[in-house]
Every structure is written in C-alpha cells, then in structure tokens.
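What follows is a pair of complexes built around chain A, which joins chain B in one and chain C in the other.
So, the complex of A and B:
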C-alpha cells in the first residue's frame, strides 16, 4: 500500500512539476473558462432574476469542456513523448500510476475552477460560497477518475480527440445532474443540497473503485 | 544456465506477420546481436523480450519466469532502451532518473552514480528537452540500468551516440545478459558473442558473428 502511494505521489508530482515549468495547460484552460463565461453572459442575456437558474448550467458546460482538455492531455502528452511505456515497464502497479495521473489532472482542473468560480460570481452576480466550492470539488474527483480512464484508453488511437468526449460525456451525466442540483441550491434555489452532495459522493466512490480496478487492464494489457 | 528460452515466438498485426515462429536460447551473461534490414522484425522481437508486447503465439521464459503471466516480477530484472528515449523534457536529467527510482523502488543515491557512468554529470541539472539527441540517448541508457537489471534489451542504442558510445555500451553490458538490435556489424562483432539475423520476421539462424554473416 505504501509503495502504491509512493508511486502515485511520484507520478502526480512529476506531472505537476512539468506543468509548472511549461505552463502549457492551466493558463489556456483559465482563458477558456473566462471566455466561455463572457460568451454565455452575452448569449443568455442574464440578469438578477434568471442568473441562479442559468449560471449552474454555464458552470458545468465550461467545466466539462475544460475537463475534457485537461484529462485528454494527461495521457496524450505521455504518448507523444513515448514515456508512458517506460513508466509501465517498471514494477510499479498500473493502478498506482493511474491514480497519480488522475490526481494531477484533477488538481489542474481545480486550478482552473479557482478561476472559473470567482469569475462566475463576478459576471453573473451569483453567490460564491463554501457549499458551491464543495459541490464542484466533490464532483471533480469522480469526473477526474472517469476522464483519465477514458483518456488512457484512447491515447493510442488516432481519433482520440473525437473518441474521448463520446466515451466520457455520457458517464459524466450523473455528475452534471447531481452537481447541477447542488450548485443551484448553493446559489439560493430550492431543493436538498445534502441529498445532491450525498449522491455525488456515492458516484465518486463507485467510479473511483471501478476505474482503479479497470486501470490495470487499460494501461498494461 | 538459460536466461532466455523462446519457442516459436510469433507476432501478427492483422494479416501482417511481424515475427514468424522465432526460437531463441540465450545463456546468462551472454550477449546476442540481432541484425536485419528495416522491417525485419528486430523491434518486435525486442519489445516482446522487454515485456512491452505480448506475442500472438509461442512461449517465452526469461530467468525461468513466464513473460506474460509473471511479467510484473520480470520487469524488475529487465532494462529496456527503446527507439525513442521517452524522457520528460521539462524535468532535468537528475529528476528524470529520480522519478524512475521511485517507480523501481530504488534509492535516489544511485542517480549520481548512474549519471557519472553514462557521462552526464556536467548536464545533470539541464532539462532533458534541452539535451542533445546523443545525451538523451545516454540518459535513456542510464534509466535502463538504474535498477541494476540482469537482462538489458537495447534497440539500436548506438543511434545518436558519439565515438565513445561503444565504450559506454561495453561498460553497461558487462556482467549482464544482453540482446542488442543494431545495423552496425562492427559494433555487433565487438560487443556480442553471438549474432542472430532476422529477415521478414523469420530467423535465418544464430551463431558467432562471422559465421552468421557469411
């Protein structure tokens, strides 16, 4: 167990160090989510009456597309550098390698959320509170696990940019539905926040366990 | 005692046969050069020996372990230098090796020793992306010996290496079983006791270098 944690930590640290030095992904993702909010602001003609209804949808749309880019890059970069094989030809467990990649990709998406959530509150005049942040962070865990699994699966395929959304988006729907409800409640709409967050946690546990089990077959076989 | 015993190794990609029923037996500490034209099946054979690919059919045992069922245990005993160096360009030479120390569960103290061995002490702090192609190849060789493997599988390791390259290869190959693919007959003759020639995925035989080349 300690060995797997050490491997996952080394992989995540390596990915985050590489991103910190190259700054390839996070600045681009930050700009993308801000632009998405600006376009939505003009397109939907948002005012104080409809903001809490429309803003959660805009938030999840921006997050989903930013996530597809972040998770897609996690394995595509390794494939381009031909370094994934070198990593997998070690005695390190494939599940630990996968966990490290997923944690790093999730942290990069969280960095993007750190731009997205305040920008959303600023542009749409919606509340920015701990409940909103918690709901988005909890959803990010499961989305990262699923997104990275499919990113690993399609990394060897030429049409991976098309295949990744086709495979990932249908399985992200539960997170968008439960996350959307939690965010709406956090922004002041009616409904049960606890129920939506409990559902998100259930999905997190389910998909983290399933993807950990599947990682070995996807990466090593 | 045998290090590698391969029986009728075959690799198919769709209808293409990349490797056709190749037999191979190699003793511990023996060095084998694999020669052949482009597309002869050298890389396919080496990838199977390094457990990076599974043969479509045939049997392969390395140090008495089955290469498919026990590949996890085998990977701690094999070092592989592939065509592409497969390094992390934003990480320094030292950081690249330290990362692989974590994956191999090897003490980081081994890194300076390996960097010195492959002649990269002076550029240890430079990002791998800014190293010359030859230096990157030296770093890839360093990574392959980081965990002190008993078997080295080297796919054209002399590519991009300078005039001192053969000496470096001779040093890292010492006291190890080695399978080396190359186009350089002189290098094969210098570094390996035996040579195997592949053509269209088939083995044309193995023996001493001069005998096989004739």
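So, the complex of A and C:
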C-alpha cells in the first residue's frame, strides 16, 4: 500500500515537474478558458440582470472542454516517447501509475480552474465564494478519474481526438447535473446546495472506485 | 430454412400477435385516447434495451475475467441490439409526447438520461470500430460497457428522483386495469423474444466475421494463386 502511494507520488511529481519545465499546458488552458468567456459574452448578450443565470452554464462548458484538452494531453507525451510501456515494465502496479497520472492531470485542471473561477466572477460580476469553489473542486475529483481512464484508453486508438469527448462527456453528465445545481445555488439561485454536493461526493466515490478497478485492464497490454 | 430463419419468422409472428393485442384487445384510454397505445411498445422496448445492456455488462465482466472471445461477441451483439431498441424507445416516446405534452422533446430527467444512454452505447459501438481489432478493442470496450451501465439505474429511477413530466412506473405501482396489463405483458414478452432473436442472429454474424479472413488476407491469398496459362 505504502509502495503504491510512493509510486503514484513519483509519477505525479514527474508529470508536474515536466509541466513546470515546459509550461506547455497550463498557460494554454488559461487562455482557452478566457477565450471561452469572450465567446460566451458574444453568444449571450450578458448584462448585470442575466449574468448569474448564464454564468453556471458558461463555467461548466468551459471547464468540460478544458478538461478534455487537459486529459487528452495527459497521455500524449507518454505515447510520443513510448515511456508508458517502460513504466509498466517496472514492478509498480498499473493502478498506482494510473493514480499518479490522474492526480497530476487533476492538479493541472485545478490550475486552470484557478484562472476560470476568478475570471468568471470578475468579467460576469457573479458572486465568488467558498461554496462555488468547493463544488467545482469536488466535481473535479471524479471527472479527473473518469477522464484519465478514457484518455489512457484512447491514447492507443486511431482518431483519439474524436473518441475522447464521445466516451467521456456522457459519463461526465452526472457531475454536470449535480455540479450545475450546486454552482447555481452558490450563485444565488434557489435549491439545496447540500443535496447537490452530497450527490457529487456519491458520484466521486462511485467513479473513483470503478476506475481504480478498471485501470489495470486499460493500462496492461 | 435455417434455425435463424425459423427464429426470425417466429419473432415476427409474435410481434404481430402483440400488435393485435395492442390495437384490438386493449381498451382505449379515457383521457389520452389513441396515443396511449404507444405506451405498450415504448415501455417494452425500453425494458428490452435495459436487458441488452445488462447482457453487455455481464459479458464485459466475463470477458475481463476470462478473455473468452465468446463473451466479447455476446457483448458486441447485445450492445448493437440495445442501441436499436433505445432508438425505438426514444422515437416512440417522441411520437407520444407530441400529442400529449404538445412537444416532441423536453429536457426532462428521464428523456435526457435515456438520450445519454443512447450516446454512451453508440460511443461503445464507435470504439469497437476505431480501436485496433483484437484483444485491445475487446478490453477497452468491456470497460466502457461496464461504466456505461451506471446510466441504466439513473434512467430507471429518474422519474422518482427528480420531478419530471414523464409518467411514473405504472407497472410496479399496479396502476393499470387488467386488460391493459395483459396487453402490456404480452407485448413485453414478445419484444424480449424479438430482442433475444436479434442478439442470437447478430452473435452468429459476429462469429462468422471473426472467423472470416480479413479482406487484405483474401486479396493476398488470391494473388498467390497461379495465373491461368494464356
């Protein structure tokens, strides 16, 4: 168990170090989400009256597509250098390697959320509070587990750019349903915040357990 | 007449019996009139689709445990039939919704979750086509087949978990008059038989396709034959 945690930590640290040295993904994702806000502004005619109604939808759209890019990249470098096979040749368990990749990808997505949430509050004039941040972070856990699993899968498939959204988005919908409700409440709409967050935590547990069981079959070859 | 032709003819005849039960035997609904008759096939197709996806789940789990090619073929066959039946469910539901609710589509929990179910398993079929055929495609598809099933209970319970336009579970809550219940049970049995026959035929097709040499091999094989003397 301790060994697995050490492996996962080492893999996550490797990914984050490589991102820190190249600074490829996070700046691009940051620009991407700001662009998404600009496009939403032209698509919706946002003013102070409708901003809190539209903002949750814009937030989830930007986050979901940024997530697809982030998780799609998670295995791209490994594929280009065939280093995943090397990692799997070591006695480390596939589930631990996968956990490390997922943690690193989740942290990169959180870095992108650190741009998205303040930018949304600033440019749309919507409330920015702990409830909003907590809901988005809790949803990120389960979305990262699922997204990384499918990214690992499609990394070795033809036309992966098409297939990743097609497989991942339908299974993210539970998170968007519950997360969407939580964010709406956090921005001042009616409804139960606790119920939505409890549902998000349920989905987190369900999908983290399922992905940790399935990781072995996706990575092993 | 092969075994499969006989099964297919039997399934078609049984569906005609079901149609007779729906249009001739079942009484007309007092409030909803004729459109209510859509209910029989709509719900039966939905249940048969759930059954197909349950087969995908079971066969996928069996494949991951044993790597048996038969389990993989069964999952492929059941997924295809399940997507067809989900399409039938959605289309029949939209035909019912237009006269009753006044619109073909509304973003209701049950409708949305059923559409998501369709997308998940259509993605499954697409993955089968795009992944390298063989062990990898079978493994990846098995994982998707297992994850996709998470949506089935969501579809089933969506009418109790959220407030929806969609009618609640009338069968388990015993809300149908006996004649309607009988017509429904006959339709459901016939639809399940039809689904089983379609899965069996598709399973046979998948077996033949697995055993047939690939088109490339066929071309190479043909080239190796000696040219006829001129």
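Convention: the second predicted complex is superposed on the first by the 220 of 221 C-alpha atoms of A that agree within 3 Å, B and C clash if a C-alpha of one lies under 4 Å from a C-alpha of the other, contacts with A are read in each partner's own complex, and residues count from 1 in each chain.
Note that in this section contacts are C-beta pairs under 8 Å (C-beta built on N, C-alpha and C of every residue); 3 or more make two chains touch, one makes a residue touch a chain.
Values in this document were obtained by computation on a predicted structure and should not be read as measured data.
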Kindly classify A:92 by the partners it touches after superposition: chain B alone (first), chain C alone (second), both, or neither?
first
Between chain B and chain C, whom does A:69 touch in the aligned arrangement: first, second, both, or neither?
neither
After superposition on the shared chain, which partner residues are touched by A:148: those of chain B (first), chain C (second), both, or neither?
neither
Partner chain in contact with A:119 - chain B first, chain C second, else both or neither
neither
Under the stated touch criterion, which partner chain does A:196 make contact with: chain B (first), chain C (second), both, or neither?
neither
Between chain B and chain C, whom does A:17 touch in the aligned arrangement: first, second, both, or neither?
first
Quick check for you: in the superposed arrangement, does A:83 touch first (chain B), second (chain C), both or neither?
first
As the complex stands, chain C meets chain A at residues 64, 116, 119-120, 123, 126-127, 130-132, 136, 139-140, 142-144, 146-148, 150-151, 154
In the complex, chain A touches chain B at residues 3, 6-7, 9-10, 14, 17-18, 21-22, 81-87, 89-92, 97
Could you pull out which chain A residues touch chain C in their complex?
146, 149, 153, 156-159, 162-163, 166-167, 169-171, 173-174, 206, 210, 214, 217-218, 221
Contact set on chain B toward chain A in their complex:
50-52, 72-73, 75-76, 78, 80, 82-91, 95, 99-100, 102-105, 127, 143, 147
